[in-house]
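For reference, the structure discussed in these notes is given below.
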Amino acid sequence: MAAPELFMLSALVVGGAASLLVVTARNVVHAALFLVVALVSVAASFLWLGAEFLAWAQVLVYVGAVIVLILFGLMLTRAPIGPMAQHNENRKLAAIVAVALFALLTGLNVASFGGETIELRTTGAGQLGEVLYLQWAFPFVVLGFLLTVSLIGALVLARREEGEGPLPDPGPHEEIAAAREPAPTDATPIPGGPTPGREIGSR
Amino acid sequence: MAAIYPLTFAALLFSVGVYGVLSRRNAVLVLMSVELMIAAVVVNLVAMNEIVATQMGDPLLTGQAFALFVLGIGAAEVGVGLAIVLLLYRNRANVNVDDAELMKY
Amino acid sequence: MWESAALSVTVFLPLVGAAAIALIPHAKERSAKPVALAVTLATFALSLLILASYYLGPAGGQGRAFIVDVEWIPVIGAGYRVAIDGISMPLFVLTNLLTLLCVVYCFHHIEPPGRPRAFLGLILLLQTGMAGTFVAFDLILFFVFWELVLVPMYFLIGIWGGPHREYAAVKFFLYTMFGSMIMLVGFIALYFGAGAETFSMVELSQAAAGGEYGIVFQRLVFLAIFLGLAIKVPMWPFHTWLPDAHTEAPTVGSVLLAGIMLKMGTYGFVRIAVPMLPEAAVDYAPFLAVLAVIAILYGALCCMAQTDLKRLIAFSSVGHMGFVMLGIAALTTAGVNAAIFGMVAHGLITGMLFFVVGSLKHRYHTSTIADIGGGVLQTTPRIGAILTFVAIASLGLPPLPGFWGEVVALYAAFNPAEAIVDAGLLGLFRVLVVFGAIGTLLTAGYFLTMLQRVTMGTPPRRWVDAGLQDVSPIELGAWTPLLVTTVVVGLVPLLVFGITRPDVSRILTTALTG
Amino acid sequence: MIAELSWLIPAVPAVSAALIFLIGKRLPRHGAEIGITAMAATLVLAIAVAAQVWRANVGVTIDPEGGGGAFLLERAVTLAPLGEDIAVQLGMRVDGLAAMMFVLVALVSLMVHIYSVGYMHGDARYTYYFGLLSLFSFSMLLLVIASDLLVLLVGWELVGVCSFLLIGFWWERKEIQDASMKAFLTTKFGDVGLVVAVVALGGATGSFAIGDILEAVEAGEVSHGLLTFALIAMILGVVGKSAQFPLHTWLPDAMAGPTPVSALIHAATMVTAGGFLVARLYPAFHESAAATGTLAVIGAITLITAGLLALVQSDVKKVLAYSTISQLGYMIAGLAFSYVAGVFHLFTHGFFKALLFLGAGSLIHAAGSNHMEAMGGLRRFMPITFWTFLLGSLALIAVPPFAGFWSKDEVLVSALDAGGYTGILVFALGGVGGLITAFYMTRVLYLVFAGQYRGHGQPHESPASMTFPMIVLAVAAVGIGWVNLPVEAVQARAFSSWVMYDLGYWVEHPVEFHPFLALMATVLALAGVLGAWAIYRTYPERDPMYHLGIVSHVLERRYYLDDLYTDLISRTAVRDLMGPAAAWTNDAVLDGVVAGAGRGAMGLGRRLYRTGDQKGLEGVVNGLGVSALWSAARVRLAQSGNVQLYAGAMFVGVVVLAVAFAVGGN
């Protein structure tokens, strides 16, 4: 086994283990930290595939910005940071699906690319930049536009609307809802169902 | 280098991500799992780029360019996703995905 | 450029307007009304321009004009085919006129829960669907517009409706949806039955005239299409959704529902069922005529038992559409002309009736006749006078439009198409004429009873004390065009008959004589 | 050619109506001046047109062999094409008949307009009233001038609705609402027949133009059966509009409207529209013996039953209403035998009956009540009203040489000349009817004008605006009969040739004057007068109830009928239908059928609605809905709202599909 394979395998093992810990960790902050490890190992695999620019972009964007964002999100939502049950009742279904999916993908990979080899080479940042700004210029600009829009969208969504309290209290909220709905005098109007007074079901 | 290694890495990351998306209660954790899945896709793209380049040459670097786009979109997605989580939290005082069941029958 | 773009722009301008209204921020909800007004005004102006250039242009007032025929879904032979001819023209203009007036009326009031942005957006969406139905010359396109109408109307009834709105909305939606699904099956059968495998109405009509379809095939397909159209019309006995929908719908919804949506069904008979399945149409004509006359008498009798104004008017629509169907069943130029005239007349008059009753309901907070208790002519004299005028127009008093539609339909039924006479059914049709004429008497009876109980007499104390406002400037603005059009169309029936006759004649000649 | 401008005759009142409704309230006289000016202009035009028609018709030499030559002006524009080769035409058909109706309508309408200025003074809806009067005049003239049956139908229905609105003019009161409804719906019932007739004639001849239809009928293009069907259906319309037996019940109730309206609509013009229609289509009617026979029988029955009913009225307007019905019966019966007789009676009757109604209005205005019990002795207080009313009554009673004598005599003579069962029937009943007419009119005169005043008000003569029209009409009532003296020299130069649609007609059907018959008729009339004089000259001095107990056979019937009538007023008539009076029983039964049909239709509608609509058809629809609900309740359990469950399902689907493709693809 040559060195690249060995390295790739180690990235696979480290990244895989980290990712497994991400989805199983009981402590939310720990999960975020394991995500750092997993993403770093992804970046490492990029390096060995010769995609230098992507590798560093991955480190900067994900390991840097995204993880910080997620940690901020954790703090802002005042999620219980300590260890606790983070799984729901779908766990078994999820496990079965994941395993089946993995088996399927691996099987397909082996069947399709079992004998393929990759000639390792290095794609420099300059090389990528050249195609990016010449051949891929339009999608690239669109991507920039998308990022702007999502920035604005995130701002609009997260902005606190007037009259909205810092911590919602379910009580008054329901009262407001009741006030908006004008006097639902007849019992539960189910769409398509008989309403009182029309005497349908009674026969 | 055998092409199967990066592809298997991608498959592993993706499946684990799927498990996380399906089983986690905390919306932030769900988001993290989504990140894993996106990372898997990016790995796949880069690997495929190399496979194609090895076989027939790829002057356009399609795979890498797309990987970059996906990276960008992933970043945008995290931003919007976290904003939604924040909104969810503000409205319901928790971020449990399975409590958000307004669409129930 | 004008030739090819005019129709599409006119049809889709309201859609763009609806999108624009949806973009208006929540805080500026009030500005939705001027925007909608501007859009509908522009649409109406465009449709008038189309009317004018139809006459002055190369078409010279007959045949299809403004033809657009581009590929849309080539794999099934469906195209974006729109055009306008003499049959579509009155209905197209009426659609845009009524929607404009509805938007004007919305300045007066919108039923709770208000929310003009959503309300007007839905109305504009509805306008695109209705106007598109009348200009589509492709079965799939026709169907798309046809179904597009359902959704906004469902929400209009379901959100802004009366106490039983959910029931009415769901009933309306399901019933018409059921019909249109079966109608779609009929369309698909037409597609496969013709050698050409196209959804173009023009080509299918030619194929039918050329004898592409066998008689058994025609009978089956006619039944399917008949069901879809008859529910929409609605013909007896498929009418039961109508009173509920009308009673619960908000004023503007009732106006559009009665004024235009019912016409989509009868228009479908003229445009699709008769030209594409001519032999089956001749075969089924006596059944159509009998059902039509039953609807006339039955609608009138049911009206006598009503206690609610909106429900009464809804049942009167059943009777009026019976006259329209009687005209179509005669399968003569006069009959179909009368039918289209009847549609326009009913659109104008019943639309106006629903406006007035809506305004009464807005003031009295009830549309129950007993609760209003009479004396409207004293509490709100102008509304009472307008209601009297419109009710008298609706009972078919000449020379108002209702009369022309009814009497010409009766004339047509007295002299039905050659093929019907050959089948030995002349006697049946002439008997039906007598019953139809009796229907006019019953119609007069219930409308006068209604007037007596609502407008005449002395009002109850509480309404005198309530200080009800007489007709407001906005209402007057929304109603005057309708009232004027009603009178003008009645005095100069040429306005409609002149537009429709050449094309009706052409369609029937092609269909019935091959 | 002034006749070319005939279209102005209906147009002027139409413009006047529009102006009154739009700006009438702001004018110093609240719109009355517009109406009067317009009607005066219309009258001038009408007279000019009539003069031209007259000059044209008397100028031609009469050829005993052939007909033709009568003045006829037809102008039409196509209002709208209806079908392949049929259209509705807005046009005018001006001939002698139309010219005669122009004069009659315009004159009476003008008089009623002027009269109403005084009569309606101070009414809250004064302007509205004058607007309706103008609208009615327009509608009636449109009906007269129409060259197309559909346009004629337009006018026919419009006068109906004007009548409805004017009867219900004081709509606050329930009984007035009921009366206007009854009038409209009863005539509308007749209109069903008319609509069928118009449709049938149009369908059979391929044109709605009256000229085309008459041509086709005379050329024998219309099958006899269809023609008879159409004409009988049309007679139904005539019966409704002209208040003939058995649809006459609405006319007495229609007296609830203002009195000038009764004079204009329910005496002189609208109710004669039926007669006008028959005259309009006279050649067609004479192609069918069944149709003319029906006309004769209906007319005869009407004239006698309505005359009998008039005997027992205490409301002066109702006496006149029944008298109108009876006279309309003469008209319709006359038209069955002779064009000239019916039309002439229509003409004269329009004047003197309008006069009588205006007189009655004047009396009501003075006495404050419709009832003759509350009048009496008014001759001293109201001399002008008395004299004009007396002249009108003499014309109605058919005392020579007043107008009614000449026209009624022609009806009787033409009936006798025609012979046959129907001719004898009309002649016999018509003669007896003359006696009855004389009797009830004399009774009215005595009750109202003789003896002591029994009312509570302060009777006074009406203002000049009311008396002037009465004087004008009284002159007409005296003299108008002379225009058709049964002398050949007059016949050729006056009314007969003036109104003729075909100058040869009356050469073939010469109207003869039988001095003996005229004498008999006059004797009968005088007998009626004397009978009434014998009974009523002492009425005021004696207790009415006691008086009622000792009268002759006819008045004994009246006793029961009067009782019934009072009960009818108080709306408990049903029980008293057991009364022995056949005429009254018939009337009440028929009335009950109309009301019962309405109530039955209502009940049927309600029952149909409850069982058929709400249970039957609705049940099916709701059943479908319920079964859809049932299945929906089970399917919806899958919609747990748990997003992750959905996502899991999606991934399961992805795996399954991928496997399927992978396996299937190989």
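Each chain carries a letter (A, B, C and D) given by its place in the written order, and its residues are counted from 1.
Basically, a residue touches a chain if its C-beta (ideal position, glycine included) is under 8 Å from a C-beta of that chain, and two chains touch if they have at least 3 such contacts.
Fair warning: this is a prediction, and the values are worked out from it, not measured in the lab.
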| item | value |
| --- | --- |
| Partner chains that chain B and chain D have in common | A |
| Chain closest to the assembly centre - both centres taken as Cα means | C |
| Centroid distance [mean C-alpha coordinates] between chain D and chain C, Å | 37 |
| Geometric centre distance via CA averages, chain C-chain B, whole Å | 53 |
| Between chain B and chain A, distance of the C-alpha-averaged centres to the nearest whole Å | 5 |
| Of all residues in chain D, the ones touching two or more other chains | 625, 628, 642, 644, 648, 651 |
| Per-residue multi-chain contacts in chain A, two or more chains | 88, 90, 93-94, 97, 101, 190, 192-194 |
| Multi-chain contact sites of chain B, meaning residues that touch two or more partners | 18, 21-23, 97-98 |
| In the complex with chain B, residue positions of chain D that touch it | 636-637, 639-644, 647-648, 651 |
| List of chain A residues in touch with chain D within their complex | 88, 90, 93-94, 97, 100-101, 104, 107-108, 111, 190, 192-194, 200-201, 203 |
| Interfacial residue positions of chain B with respect to chain A in the complex | 1-9, 11-26, 28-29, 31-33, 35-36, 39, 42-43, 46-47, 49-51, 53-55, 59-61, 64-65, 67-69, 71-80, 82-87, 89-93, 95, 97-98 |
| Contact footprint of chain A on chain D as seen in their complex | 619, 622, 625-626, 628-629, 632, 642, 644-645, 648, 651-652, 654-655, 658-659, 662 |
| For the chain D and chain C complex, residues of the former touching the latter | 78-84, 86, 88, 150, 153-154, 157-158, 161, 164, 168, 171-172, 174, 177, 181, 184-185, 188-189, 191-193, 195-196, 198-200, 202-203, 598, 601-602, 604-606, 608-610, 613, 617-618, 621, 625, 628 |
